[in-house]
Every structure is written in C-alpha cells, then in structure tokens.
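Chain lettering (A, B, C and D) follows the sequence in which the chains are written, and residue indices restart at 1 in each chain.
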C-alpha cells in the first residue's frame, strides 16, 4: 500500500494556503503534535481548522494561531487561549462555534458518506438560525451538513503500515471520525508496526481511510488540568 | 448494574406476541442461537424480525419460520430457505426487502439517536417508491427512518457483567448496530467475564446499550458455505 | 441557611438510582460523584468518550491520555469502556444516559436553560451542553438561586442566549429544590432555615407552593 | 471465441491498480482475485465487515466466524481489519472503495443496472448491491453478453427492475470490453476471434465503434 512516509514535514507538504483541515484531539489530549509542529514550520496560512478546541497559547493549535496561520476555527469550545481571544476580538480570526456532538457527528457523516444528519442539539437557540428544522415523532431536529475537509490530521497510539489505527483511552475522542472524514487523511502514531501485527478485531480506524502514516516522536502530551487526590 | 441473567429463557420472557425484534448476524454467522432457541420454545407469535437474513430451513430464524412465529421479515437477502419461500408465496409471511447498507444504517441511526438518515442506495429503483428524495451536491439521496425495535437480540464473543461486548471477526456484522438500536437489548456471549476483565479500549459495544446479558452454551456455529482450498 | 456547593451536590446525589448512567457537568455537578449513596451503583459518562469514570488519580499517576470532559486527569473503574466522541453523543441523543446534571446561568419557568453565552463577554463555546440538554431524558440543574447581584436566576423567560428549550426537569439551588412543571416552578423542598417567603422573593418566574414545604436535612 | 468466465475475470484484473481497495461480487467477480497482476497490491473488501480478505481456508481450517459477503468461509491477509456492517457501507458510501466488480442481468446504455429481481420469480433480495452501485466510484460489470435465450443484455433501457441508475462505468462480457459513455456503449476490445459485426448484433443498446478495435490477448 505504501502509505508510510518519513516525517511530519513530508506528511503536510501539500497542505497549502487556504486548506480546510480537521485536527483530532480533545483539549490537548490526542492531538497530532508532530503535524502541528510541521504546519508551524511550513508557515502555511489562511487555514480553516475544524477541531473541538483551539489549543492553549503555547501548545496545540495555539502555536498556529500565534503565527496567524488560521483564518477560521470551527470548534465547540475555545477557552484557555489569550491570543485566540485577542485575534477574535480584533476581527483577525473568524470563529464558528457548534455543539460538540454536532461537530463529532458532522465529521462522522463525511466518513459514512452521509451528506447531512439530524440532531436536536441547538433547536430553539441561535445555533438554529438559518437552519432547516424538521419534526420527527414530535421532536424537532436541525439538519446539519457533513464536513468537507481537504485534510484530516489525526493522532493514534498504534498504527500499521496499511494505515490501520488503534487509539488509547480518551485520546481517541475526535480522531476516528476525523480520520474517516478527510479527503486525505494523515495519521501520526506513537508506534508504527508492520501490517499484520495489530489484532484485526482491535482496530478502530480501518486503513482504507488513512492515506499517509508515520511514527511521530518527542510527544509532550501536555496535561491541561492536572487534578489529583492524595494517597491515603 | 445487575444485568446478568441466568438463561436465554429468562432473557426473552417478556417478549410477547407482536413484538418487533432486531436479530444480529449475517447468514448464520454471529446469530444469537440461544435466544432463537428460547423464542422457539416460547412459541411467541406475530413477530416482526429485522435481520439481514432469515436463516436456513432448520437453523437460525428458519426455526421460528417453521413454527410460523414470524409475521414480517425486514431483511436484505432471504435466499436459502424453502419454507420461507413457501410462506411468502402463500401470503402467510410479509417481507420487506431493503438494501443491506440501508438496513445497517437504519439500525445505527436508532442507536445514535438520529431519527432518519440519507442514503443514495435505491435511488431510481422500486426501493425509492413513496420515499422522499433529496439532492445534496448534485447527488440524489433517499430519506430513510431509524428503526424502532422493542428488543434487540445480539450475540457477542465476550461480554462482561456490565454489558460491555466484544465481537469476533466477521461475526460482528450487524450485532453492534442492533445492540445499540433496541429499546431493550439482550446479549448472549460465548464467554461472560466480571466487569474489569475486558480491555476498555477493545470494547465494541459499551454496556450502556445492553440491558441483559448471559453466557450461552452449545453453540453450533453452522457454516452455510464451506469453501476450502487443498493443501499443496 | 443556604446550602453549600457540597450540600447542593449531596442533595442531587439523592436523585440517583441504582443502575443509572449519569453525565455530570463541570462545577457543582462534578461534586455529585462524591455523594453517591451507599448501595447505589451508577456509571459516570464523560462525553469525550468514556463510560465508567473514576476519581482523580493519585499524585504521580496522572495519565495524559485519560481525561474527562472538563480536561481534568481522571481514572477509570472496572467495567469502563472507551469510545469516540460521535458514539458518545450518539448514546446521549439516543436517551441512554439516565440523568444529566449541569450548571446554569438562567432557567425559565418552561424549562429553558441558558448557560453558555453572555453578550458582550468573550464566548468560549457551548461544548457539549447543547447536545446534552437537547437529548437528556432527565436534566437536573445545580445552581445558585440568584446571581452575584442578587437577581433571580429562575425567570419567566431567559434573558441570555439559550442553550436549550423546555428541557430542565428539576433545579437544586442553594435555597430550594424545585420541579419544572407545565405550570411553573413547583417548590418541593427548602434549605434548612430558609423560608418559603425568601424563596418566593428570590424566584422571578412563576412559583407554585402547595401545602407544607419540607426542610432538607443533611 | 468467447471468453471463459476465468478469462473475463482475468481481463477485469487488468483494471486493478496498485493500492486499490476492491469489492468483488459473487460469481465471476470473485474469480478476479485469482488474477491480480504481479506487483499490484489490492485490498479486498467484504461488505459484511472486513478489509483484507484472503483466499479460502485450507481444508479443516474453516472458521465459522470468518465468512465473506457470499457467506463462504475465508481467511484474512496481514493488515486486515474487522468492523461492523454500518461502517462497512459507510466506507462504500463515502467513496473509499476504488473499484466494485459485480454481475448483472441487464445494463442499459446509460449505465443503469438490473441484477436483483425477475418479476414472477421468487425474489431473494438485493443484499448490498443497491448500496454498492449507488456509491461506488468505479463499477465494472462482469457478465455474459447475451442471456441463455441469446438476447442481448446490453440494452437501450433495462426491462427488469433496476438495482441502480447511471452507475456502470465499464462492462467486460464474454465477447467484448465496453465503456459506458454519455453516448452509449463504446467498444474498446473484442474477444479473440470475435468480430465487431458479432458484437454489433449482440448489442441491443447503442454501440459506438470508432477505429480499429483491438483483440484481447491472454
């Protein structure tokens, strides 16, 4: 299949100005750190980023925001980021806020070849403005369209040379739907193994959805909210 | 959670005449053998069965057909069953044939709380008769509704006492979507283990979807088409 | 005396039933997990993709791959399962989550809720709140009865942008427990030492008071 | 001389490109797997829920949990993945499968296909065929050019109930290879020893013959 590429820089080499990207992760958990770093190095601009969050000031998508590479964010929650706030208030950055489940399902719809889905989320709120409302069995739903992204960039725990992916714990989050939803899907993994080494029953994203894969390195895996209890 | 029950008979005890059932499996692969046997013993009648296939004359749903327990089959393919054919031609049995992907997706829609989905399958064919057609991006799609089943009956390889399920190989097929799509979901498993023994990353059906679980026995696992090659 | 946040959580915990799947929002709702009654088994859902959320990890055992919807490091309990966020909201939409507890800035007497946006202030987003309130079978709001200015948060109509409509079933505030009924807020219980009169004053929406209103005990 | 079923499969196999994901229907299409050209790597999809289908198992190694969409016992190849039928048809609908090969009873010059139902005969169902033809990017039909009565199966319009409309891209029959174009069936190749005249006679739909039509070689 020859999906294995050498590096993050090679993975993103044809991501050009104005591209629409899906970026996996929830908060800083399960984000494609290596690809984000490569996009920062590439200095590609005017990006539309579909990502549940926008990182923090000095990590994740925040690094791209700092360089003003992002034209528009499509997210469900964008707190924790002062530079983001500054750009938003100054009008430099466009933001479309959508409910988290709607975001997840619109990515999934793309991967399932469904042009649109119905969800009750946002009915009766400003999210519903301009959208088609339809009643099924006495309940109102909004018609929401599948996303159409040029590239999906995801992070998995393990992957194989055929592009099959396995995620770890809650680092799974948006990664599987985005992996399915991009026209070209780039996966970075902590461990890349030869095809045949992963149990076919354990695979979360079948390789058919993945076009490029590489083993990332130096994962920081920053923790956003370190909450602990004392040992008794 | 107390989802574990003693037997197939207990699992189906409140399935009454006229119930709408989803039954997992593809052909005879991954079918809930124990629950089907219990339904045959219970002699419950006028059932509507949503199942990709209708078994063979002397196994699977075929056993229920033989006793004329089924009023209506909703399937994508119903060959390989002479008694089925007889009942169909005599008008004793009602059959609704729907495309396999539509069947799978309508089950999934129920489990995902989506009242309806769009699929191109059947556009321009008799399957589209009476259905709403809608064009998205230049392509026509049919509006198809989520199924509404009283009970979903599925078979998994392993399950735990909290109802988490893991399927094996292609015995997975329709089981996960049906497990999610029933108002009450009954799972029979080859091996029932205490909660905590399954790797949480390997679970295919989270226990929240499963209401009753038991360890089945005497699985026949019949093969419908034994195809082999000679050892060289 | 008004309830503490811990007491609000404790009171809400009494609504839990054995076998419930529960989604707890950020803030007071999170504290509910600390007061699950003896003999009651509930499974906590975290909408980023986990059933079977456990307590915070011991110091030094934090796992960056294991966080909750509030992005806090957590643990799992036996029987937990991970899944993607689409399935997570799928089970929420399908009504599989028995109880959702969340905070609010305003609740209307019809059960509308506002908790995500204040005009003029930086808007961080609704996260999963709109999905949860639109789909949950049973929503309990945990909040202060009045805002810092002393104004009622239980209103005839919400003034703030809505998160969802006609969805809140019950409110546990610092001074009262109320059901949201077709006829308005029905007072069920009052905080120890808090009078019905005080609750009336602090409730701008229609309040229904029938018979003796019992005092909560802790 | 007309092609054998094996030769039809062999000819179709030449359409495979390295890296293709391919869904092969029951009958002649299944045989295509036996003729995958050297140096070409393709992954076979089975719509019940498998990517990476391998050959039939050795005798005695049949696994009842491992079957293909034709319900035959099979094996897997390294790199395979199992998934549920919803995801399986999801990837089909999303256009991730590069090539679909299936049989047909009739194909129209517009690319309509009929292959699931004969009025008056017991109808077994469409299985996954309607999903496949409605979604596949590239559909090749493998079939005899005429039916047992000698009547053309390449028609101006299908007489049988349709499986899908305007979807077939190419036909490999026992006597010819044809593209389905906006203007009709365009003859590309003829079977060894079969004349263009014979193909014209056996093609009821509009046939386009331009220039010399090469003979297939095996």
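Here are a few things to note about the model shown:
Methods note: contacts are C-beta pairs under 8 Å (C-beta built on N, C-alpha and C of every residue); 3 or more make two chains touch, one makes a residue touch a chain.
Only a predicted model underlies this, so the values are computations on that prediction, with no experimental measurement involved.
Minimum number of contact steps separating subunit A from subunit D: 1. Of the two chain pairs examined here, A-C and B-C, it is A-C that is joined by more C-beta pairs in contact. Most remote from subunit A, judged by the distance between CA-atom centroids, is D.
Subunit A and subunit B, compared by their mean Cα positions, are separated by 33 Å. Centres computed as Cα averages put subunit A at a distance of 28 Å from subunit C. In this assembly, the C-alpha centroid of subunit C lies 56 Å from the C-alpha centroid of subunit D.
Distance from the subunit B centre to the subunit C centre is 36 Å, each centre being the mean of its Cα atoms. Shown for subunit B are the residues in touch with two or more other chains, namely 105, 112-114, 119-120, 167-169, 172, 200-201.
Touching two or more other chains at once are residues 50, 82-83, 86, 90, 92-93, 135 of subunit C. Contact annotation for chain pairs lists A-B, A-C, A-D, B-C, B-D, with touch applied as defined.
Contacts from subunit A toward subunit B in the complex involve residues 105, 112-120, 136-137, 139, 141, 145, 166-169, 172, 200-202.
Of all the residues in subunit C, the ones that touch subunit A in their complex are 46-50, 55-68, 70-74, 82-86, 88-90, 92-93, 112, 122-131, 134-135, 161-166. Listing the residues of subunit C that touch subunit B in their complex gives 18-19, 21, 41, 43, 45, 50-52, 76-83, 86-87, 90-97, 135. Interface residues of subunit B, counted against subunit D in their complex, comprise 26-30, 52, 75-79, 85, 88-89, 97, 99-102, 104-105, 107-108, 119-127, 157, 167-177, 204, 221-231. Residues of subunit A that touch subunit D in their complex: 1-2, 110-114, 160-162, 164, 180, 194-196, 200-201, 203, 206-209.
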